[in-house]
């Protein structure tokens, strides 16, 4: 009969009206500034640069200015200038470091390709989404010091991933140390052998 | 009382004259609505409440809509006529004829000795009385008007109906 | 001047305004509206005579106006429908241009 | 397999096949009113314009105008690496980035001859079907908004969509710009909790669909507004290359999930609903029925999801260079056949990159569907075609 | 002024007389020649104040109710303004109840844009006139036993005469804006009012026939009393009254341009229809007039079908009559909001077809039904039952038949699936 479909529709909206008062499945709204929905495990917003030491963020950046991210960034929002000199990195190996590392967050689309491609686990995706600036040119252009976040912070936003990264880095460091040790040992052995072959003229250098 | 009548007359005549001399038909129609509303106010002034509301309902509510609809359907709303009048000769002729008629009528009105010159109290005519009159002595007229309205409704529909335009929805 | 005379003057002038419009205007809709105004002028007379007449209780004037309004409504509906029909065939509602019987 | 043979001989493309309607030159009617609907119009689903010529309210001519959102997607892709185009494909059809990603990955995998692990194949199907639900729920909601509801069906649909989008966010990091598929697999392995939540959501989804249908499918006003409105004939649809639910609503059995059986779709048991009249109501119902079928696919996928790697171990993320050659990868996106054509010259960038956007191609017969209907219907017909301007304009 | 005399004489409970006594107390303070003027002015001001506030809270109620229907919360943030000069801070959002005042401030401070090509005079006049016309109709509604602004013998005729003018202003707005969407909206508004004026009146005529009066006061009074002490003698509780009420609801929705008949301002088709070129305060005036019109039509519906200010059950008779009227008004508005939250919009040709092929014939049949009802007034006992059955059959039969014709074979479809 004419009108039955309309009546059914009215019944459904009435049910939803009632449901909005007691059923969290229906009323899913979160009162935002006071309440917050939990962020997803892999949520990403903008990139950050991981540093080892929060006290000296710029000195302990993991970034070695390899510029892979700069090249691969789809919207080309990263700008890097390499240093002239080298500084020892976390593993003690002397590496280049970025003198200038800027990300234009007005251009960045948060795709996370940079973090995915970084071979040094230096660039990672942040979870801060409440980003505002009063100036749209300088305010949104993030410099090294604004991008640098400590490893502890990285642990706080992505515990599982950070632990995995740390374990891998520790293993690499261990491997590097062992390699260095082995190299030193080998060097020492070689020197010893050399010394055995001919009397030493210079003392063996400490590796 | 008389002052109110004079004011009403000025409103009615003024809006009628301006309305019928404008080129923009929408403005004309809207001003005529004001004129009809003024006539309804005149009926109220005269104490014919029922007629006043009927005038409002029929003229302001219905005829004005039909007029506006006709103006829009014949695309007279945006493009105003190049010449408001048929021709200057016609206009002058019409003015002469109208003025003549007006002169005769005004002369007749002013020259006729009217027997009732003192206004009595406003006569009370309730809806019930009007109904009784309609159903009693005037029932034939009522029936005729009813038939007339039905016929004119059908006639208007037939006249204004478009040729049978096929709607894409009808096709199977 | 008595109010009745004023009413009658109003109605005569309104009638003449309608008459001039109906005669002079070239637009069919406006001519129709002029005729409407003439009808209204007649209605004003009916009410005036009912109001100042000898026998207001009979309400004849009021009833006549009611019938007249009904007829006017019918006239407007049919008249405007005619105008629309003419427009559809002639593409104009200038009366001077509508000079053919066949559409 | 080819589309089902049409019953009548196909009319040449572009020839008016609809009912005889008034034309602009018809001398017996009033002046025509030209209205430029859009690009700022609430119902054009983005920056899209319809130049309509009206007789009263009836459309006698309609010209779709688009390109306001052109972003040079294809040219940009030819100047960046294969991987760097992946996030841009999110922006094509921004309601269904998961399946757009997959289509691109499919093309590149074909080009590079990469294999995809089983688990990744299942995950792709799960995400693509969730995307289909998201897209269809949105579409149906917006369609009702075009039909003049005060947002109620749209918000019910969005409530459910939000739940799926939250899952996408938890898995891929972003609600709409997922950037999830990779050449040779997927980016992130979902946790068991995620899978459980998704499975629960899918099991609950038919309840929402039932309620939605109870609210609207039998509504007399909906029937009057959509049945018989915007008919599309099967032959014309085939000639114009229309795909997806719009084509199936016209009664043509053509679903790439069955035709190509890409991914592991051949392992799944699902049906393809077909319309009969090709009108707006059929197009609406196609979406509802497809959502129900998607739920079935998803339930099977959650049941059978294997363990294992999600990425081909041989896949190279950095320095990806497919050998010279060409490939066309296509899949059944929620809107129709979404294809990516790639031509490689062996460099890290594709030499030629071309998208076959279903939204754009489905839009080509808009005028034919709208002629003779009113302005109100044009908006509804546009809504029932389901376009996303990001994909139309690229 | 018979009701007034009765009220002052004190034959009724105090609460019933309170508004009149208040008015008189104030009028007595003034010199005699101005008393009649102030007397009327107070009535006007009271209507403006009460229904102005009612309008303000209807807007927030609509938004909150629609929100709840759509599983949202609706506006709930605007609370007490925080002035730094005050020594204390009263922080409460008041459930967003001060939203209408914030909206009013916003509307007043917004730029008033008039398109360059617009007909300036009509563009300005339309919002002013629309409010004026929509307020006119309040004059004859009996808000309570003694609260009727103007007692007219032909009140219903007045109501429709005043109410029909609002669509004229919609036309003015649409035409004066020189916008194509607005022009289409103006055409739609005209078509709609031509189609629905008649059904609206025809749905009311049965009540006039049975009550034997055009006066709203008489009609409300005629619905007093209870059968078996519980079922009120409201017109809606008779077969013809129920059918008439439904028809009235549909026609009232169409007359007040509410969803599903909001064609003139169809936001998904015509952007905002006749309101496209209006902004700021003029827009707010249209908005206000729309709600005034809705309130007035609801008030009319209450008066002629829902017993007016009469209490639904005898033992609640101590509640003043105007409270009942307002309660019923809130209920009616709530129903309209509910309908708006559920239904979709008709197309213009379907709208007119619904009026001419469905509502008008049904209303005419319902008129016959009411005639039957008043002819069989003295049927009692078992005959009463027969009377009910016949009367119900007179409306249900045509409803089903006409409904089937209107549906024209449209029904939900079943679909086939591909075999391969």
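So that you can tell them apart, the chains are marked A, B, C, D and E in the order they are listed, and the count of residues begins at 1 in each.
Just so it is clear, a contact is a pair of C-beta atoms (placed from the backbone, for glycine too) under 8 Å apart; a residue touches a chain by one contact, two chains touch by 3 or more.
A quick note: this is a predicted structure, and the numbers were derived from the prediction, not measured.
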item: Comparison of A-E and B-C (more C-beta pairs in contact); value: B-C
item: By mean Cα position, the chain sitting nearest the middle; value: E
item: Distance between the centres, which are taken as Cα means, of subunit D and subunit A, whole angstrom; value: 34
item: Separation of mean Cα positions, subunit E and subunit D [Å, integer]; value: 44
item: Between subunit B and subunit E, centroid-to-centroid distance (C-alpha), Å; value: 29
item: Distance from the mean Cα position of subunit D to that of subunit C, given in whole angstrom; value: 62
item: Contacts with two or more other chains, residues of subunit D listed in rising order; value: 28, 30, 152, 156, 159, 215-223
item: For subunit A, residues contacting two or more additional chains; value: 2-3, 6, 9, 12-13, 16, 26, 28
item: Sequence positions of subunit E contacting 2 or more other chains; value: 69-72, 183, 187, 341-343, 407
item: In the complex, subunit A residues that touch subunit E; value: 1-3, 6, 9-10, 12-14, 16-17, 19-21, 26-29, 31
item: Touching residues (chain side subunit E, partner subunit A) in the complex; value: 65, 68-73, 338-339, 341-343, 399-400, 402-404, 406-407
item: Residues on subunit A engaged by subunit D in the complex (per definition of touch); value: 2-6, 8-9, 11-13, 15-16, 26, 28, 37, 39-44, 68, 72-74, 109-113, 116-117, 119, 125
item: Subunit E-facing residues of subunit B, complex; value: 26-27, 30, 33, 40, 49-50, 53-54, 56-57, 60-62, 64-66, 68-69, 72, 77, 126-127
item: Of subunit E, residues touching subunit D in the complex; value: 66, 69-72, 180-181, 183-184, 187-188, 259-260, 262, 266-271, 340-350, 407, 410-413, 415-420
